[in-house]
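First chain A sits with chain B, and in the next complex the same chain sits with chain C.
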Partner chain A sequence: MRRPLLDIEGLSARTADGQAVLLDVSLLMGPGEVHGLVGQSGAGKTSIAKAVLGILPRAITLNEGSIRFDGTELIGAPAATLDKLLGTDIALIPQDPMTALNPSRRIGAQLTDSLRLKAGLSKSAAMERARKLLEEVHLTDTRRILRAYPHELSGGMRQRVLIASAFALNPRLIIADEPTSALDVTVQKQILRLIRRLQREHETAVLFVTHDLGVVAQICDDVTVLFSGAVVEQTTVHHLFRHPRHVYTRALIASNPRYDQPGASLRPISDEVIADTLQSLDAKGAS
Partner chain B sequence: MVETVHAPSQGTFGRILREPRALFGGLFILFLIFCALSAPLIAPHDPLEQDLLLEKIPPVWQAGSDPAYLLGTDGLGRDLLSRLIHAARISLIVAFVAGILACLLGTTLGLLAGFYGRWVDTLISRLVDIWMSFPPVLLSILLVAVLGSGLHSVIVAIVVIDWTRFCRVVRTETLAQTKLEYVDSAVTLGMPRMRILFREILPNVFPVILVLLSLEMGIAVIVEAILSFVGLSVSTDTPTWGGMIAEGRQVIYQAWWVLVFPLAALFLTVLAFNQLGDGLRNALDPALRR
Partner chain C sequence: MWYRILLNRLILAAVTLLGVAVVVFVLVRVVPGDPIAMMIAPGASEADIQDLRVRYGLDLPIVQQFTVWIKGILAGDFGKSFSLRQGVVGLVVGRVPATLELAGLALAIAMGLGVGIAVVATLARGRWLETLIDNVNGLVLAVPDFIWALVFVLVLGVLWPVLPISGRVDPRLDLDLASNFYLAEAFFTGQFKLVGHLLTHMIMPAVALALPLAAIIARVMKGALQEAMLQDYVVLARIKGFSRLRIVLQEAMRNAVVPVLSLTGVQFTFLVGGTVIVERIFSYPGIGNMAIDAVINRDLPLIQGLVLAFAIMFILINLAVDLITIVLNPRLRHG
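Right, the complex of A and B next:
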C-alpha cells in the first residue's frame, strides 16, 4: 500500500462516566479510497468521524490511540495545524441537511466562507466559484439559490449545497457522516451517485459513515463493521458480501430489507448473535 | 431538475406588521417617543408652573373644570397633561438606555457561557444564581441609596440587576444552537471560534434577544417608577410618572385624577412594551424553527 492518507491506530474513547465509546479501533485509508463505516446506532461510527474532525462532544474523551492524516498527528495537534487542515484538506458532509446550514445566513454567504477564508478569494470571485460549484452538483437556478435562505430549499437541494461546500477546496479526504439518512429514498439515490461521481472526478478519499449496507455496496471499496465501539470485521466490500466471516456481519447482512422478496418479514439481529459478538470482542480484548 | 427555490417568504418586517400586538405596541411606543421628543412644543403648559389658585381642577368632562387644563391640575395647580408628556422623557430614556445596556452585558456573558461551556459557564452561571437570589426591588433601592439618587444611578441599578435576565436566556439558547450541525460545519471549515460565535450563532439568537429587550424595557419603566415613587430617582423638579403617582396618593380623596392618569400612562407603556415583545416573538420565531 502507498503511504496511507488516513491512519487511525488503536483509538479508544470513553464518556465522562467511564463508558467505552470506542475500543482499540484501527483503520487505514489510501488516497482516493472510499471506506465504509457500518454498524447499528451507538456502534461508534459517528464518533470516529467526529474524532477525525476534532468535533467530538465534550462528554467524550479520547484516551488512547492516534489519528494521522498524511503523516500528521491530529490528536492533540495545535489548533493552528487543525484549522489549516480542516476545510482545505479534510471536509465534512454532515448528516442532517436541515440543521447543517445556518438558518439565518444566505446560501451564498455560507458557501463562500471557506473560499474566502481559506483560498483567499475576493467576494465576487468566491461568488462566481460558488455558482460553478452549485452547477457541479446539478443545481439549476444557481443565482437564486445563492441569494436564498436555507429554509427556502428542499432537503435534497440543501444536501447538494453541502456537498458542493465539502468539495469546494478540493480536499483530499471527505468525511461523509450518514449523508443520505435524513433524505427520502429517491433523493438518497441521486445524492449517492453525485458523491460517487465527484469522488471519482476529484480522486477524493471518502470515509463514509452509514448504517445501510445497501449504500456500502454501492459506493465503498473497503468497509469496517463496528459493534459497540469495536471493530468486528474489516475487509473489502467484495469480500464482505461474499464471505462475511463474523456472525455479526452475517446477521447484519441478513437483516437488510430485501426488495427482491416482497412480503418477506424483516430479520432482526437476534440476542444470541449479540451475545456471541460481545463474547468474541471480550476474547479479543483479553488476548 | 424539477426542484426550484420556493417563493421567498414575506420579509421579517412584513411579518411584524401583520402581528396585531406588535403593531399596537410598536405604534404606541412610537407615539410616546414623539411626545417625549417634542414635549416642550406640544405640552400646553409649563409642567413646573404652580398656581395654588388653580389647584385640583378636575379633567374637562367633569363639573368645575377649566378647558385650559384638559386633564386637570394637581395639588399644586400644575397642569397634569403637560407633566405626563414631560415625564415620558425620563421613562423612555431609562427604558432604552438601561434596557440596551443590560442587554449588551447579559447577552455577551450569556453567549460566552453557552458557547465555551466548562469553567466559563460554571463561573457565569453561578454568578447569575447568586445575583438572582437578591430581591430585585430592595437591591435597586439599596444600590441607588449607595450611588446617590439621579438618572445615572437609576440606570446603573437597573443594568446591574437585570443583566441576569438576558444572560440566562441567551446562555440556554446559545447552548442549544451550539449543538446544531451548522456549528460543527463551521468548525470543520477551520473558522475562528469568535467568528463562529458572533457571525454564525449570534444571528440565530438575535430574535430571542429582541423579544427580551422589549420586555426588559417595560420592566425598566416600572423600576424607574418605583424608584421615583420612593423619591430615589431624579430630583422632584423633573416630572416622572412614579413621582406623580406618589403625589397623587396624597390627594387621592380629593382629586383621583392626579393619581389615575400617571398610573394609566405607566400601565399602557408597560403593556405596549410587553405586547411588542410577544408580537415579536410570534413574528420572529417561526422563521427560526422552520
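Right, the complex of A and C next:
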C-alpha cells in the first residue's frame, strides 16, 4: 500500500456505563480506495465514522488508539486543525437525506457556503460552481433546485444534493454512513452507481458504512467486518466472498441476499454462530 | 394561503374586540364606586347628582347605555372623559405613542438580551459558564417587572442618582417634534442628542419590563438551540468545518426562532400589561399610567377606551407574530 490516507490504530471506545463500543479496531485506507465497513446493527460502524469526524456523542469516550489522516493525528487535535480538514479534505454523505438539509435555507445557500467560506469563491462564482456540481450528480433544472427549499425535493434528489455537497471541495476522504438505506430500492442503485462514478473520477477514498454485503460487493475494494465493536475479518472484497475465514462472516454472507443471485432466499444468523463469535472474541481478548 | 389566515384573524379580532367591549362595559358598572361622586365637590345636592347622572346617560338601563356607547364608537366617538372633560379618542391617541415606544424598546432589549444569553449558553455547553447562566436566569425569571422598577429607582435614582426617575422628557426641554412618537421621530430626523436624552428616561422602565421577558426568551431559546444543535443538518454543518458561532447563528437559530417567537408574542402582551404599573412607578406618561388615574377617578368612558386600546394592541401583536411565523417558515409560505 502507498502511504495510508486513513490510518486507524487500536481504537477502543466505551460508553459512560462501561459498555465497550469499539475494541482495538485498526483499519488502513489508501488514497482513492473504497473501504466497506459492515456488521450488524450496533456493531460500532457509525461510531468509527463519528470518531474520524470528531463527533462522537458525549456518552461515548475514546480510551485508546489513534486516527491519523495523511499523517496528521486527529484524536485530540486542536479545533483549528479539524476545522481545516473537515469539509475540505474529509466530507460526509449522511444517512438520511430528509433530515440532513436545513429546512429553512435554500439549497443554493447550503451548497455554496463551503465554496465561499472554505474555497473563498465569490457569491456568483460559488453559485455557478454549485450549478455544475448539481449537473454532475445528474440533476436537471439546476437553477430551480438552487432556489428551492429542501421540502420541495424528493429524497433521491436531496441525496444527490448532499453528494454534490460532499464532493464540492474535492475531498480526499468521504465517509458515507449507509447513504442509501433511507431511499427506496431503485433510487438506491442509482445513488450507489453515482457515488462509485464520482469516487473514480475524483479519485476519492470512501469509507462506506453498510450492513448490506451486496452493496459491499458492488462498490468496495476492501472490507472490514465488525462484530460487537471488534474487527472479525479484514480483507479484500474479492477474498471475502471467495474465502470467508470467519464463521461470523460466512453467516453474514449467508444472511444477505446473494449479490450475485437476486431473489435467493435469506438465512438469518443463528444464535449458535453469534455465541461462537462472541467466544472467539473473548478468547482473543483474554490472550 | 397567508391572506386567508389574515382574513381569519381579522374576523377573530372583531369578535374579540366586541367581547372585550361587553366585558369591560359591564365590569366597570358592577364594581363598587360612583363615577359621579368622583366628579363633584363633596356636599353637592341630590338633585345636582341626578342632573349629572342624566347628562352622562348613567340613568339609562345598562343595555341602552351599551347601545349608545357602541353606536358612538361606530361613528368614531368613544365618549368624553369624566375627569379630564376631553374626548377619549384624543386622550388615548395622544398617550399611546409613549407606551408603544416604551414597550417596543423593552421588547428590543428583551430579545437582544434573551437571544444573546441563549447563544452564549449554547456555545458554553457543558462548562461552568452554562451553569452560571442557568442559575442567574432562574433567579431573574422569578422576579416580576415592578420589583426591578423599584430596585432601579432606589439604586440608580436615589442611592446613586445617575438616571432620571420620572417622566419621559425633562419638562424644561423645548421639543421640536410633530408627533408623539418622540423617540422614533427624534431618531429619524437625526436629533441624536434628543434620542440620548429620551433614552436616559426610558432605559430604567424599559429594562425593568424587559428582564422577565429576556429570561423567558433566554430559557426557551437555549432549549430550542440545543435541540437544533443535535439535528442532522447542524451536525453536517459542523462536519463542513464551520465555526461553532456560525453554526449556531446560521443553522440552528432560524429553526429555533419559530417556537420562541410564538411564545414571545404571548409574553409580550404580558409585558404591555406590565407597563400599567411600571409607568406608574416612573410617572411615565403612557396609557398604563393614565389607566390607573382613570380607575381611581371611576372615569368609565376613559377606562373603556383604554381597555379597548390595550385589546387592539394585543390583537395586533398576535397578528404580527402569526405573519412573522409565516415569513420564517418556507413550508407555510409556499403551502
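As a working rule, the second predicted complex is superposed on the first by the 279 of 287 C-alpha atoms of A that agree within 3 Å, B and C clash if a C-alpha of one lies under 4 Å from a C-alpha of the other, contacts with A are read in each partner's own complex, and residues count from 1 in each chain.
Just so we're on the same page, a contact is a pair of C-beta atoms (placed from the backbone, for glycine too) under 8 Å apart; a residue touches a chain by one contact, two chains touch by 3 or more.
What you see is a predicted model; the values in this text were computed from it and never measured.
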Will chain C clash with chain B on chain A after the two structures are superposed, or do they fit? clash
So, does A:154 touch the first partner chain B, the second partner chain C, both, or neither? first
May I ask you to decide whether A:87 touches chain B, chain C, both, or neither, giving the answer as first, second, both or neither? both
Once the shared chain is lined up, is A:96 touching chain B (first), chain C (second), both, or neither of them? both
Per the contact definition in the header, classify A:232: touching chain B only (first), chain C only (second), both, or neither. neither
Examine A:27 and indicate which partner it touches, taking first as chain B and second as chain C; both and neither are also allowed. neither
Of the partners chain B and chain C, which touch A:205 in the superposed model: first, second, both, neither? neither
Chain A residues touched - chain C or chain B, whichever exceeds: B
State whether A:43 touches chain B only (first), chain C only (second), both chains, or neither. neither
Touching both chain B and chain C, residues of chain A: 53, 55, 58, 82-88, 90-92, 94, 96, 99-105, 113-114, 117-118, 151-152, 162
Touching chain A in the complex: which residues of chain C? 126, 231-243, 250-251, 254-255, 328-331, 334
Provide the residue numbers of chain A that touch chain C in the complex, in ascending order. 53, 55, 58, 82-88, 90-92, 94, 96, 99-105, 113-114, 117-118, 149, 151-152, 162
Would you mind writing out the residues of chain A in touch with chain B in their complex? 50, 53-55, 58, 82-88, 90-92, 94-96, 99-105, 113-114, 117-118, 138-141, 144-145, 148, 151-154, 156-157, 162, 165
Note: in the complex, chain B contacts chain A through residues 1, 3-6, 8-9, 117-118, 180-182, 184-192, 200, 203-204, 206, 287-288, 290
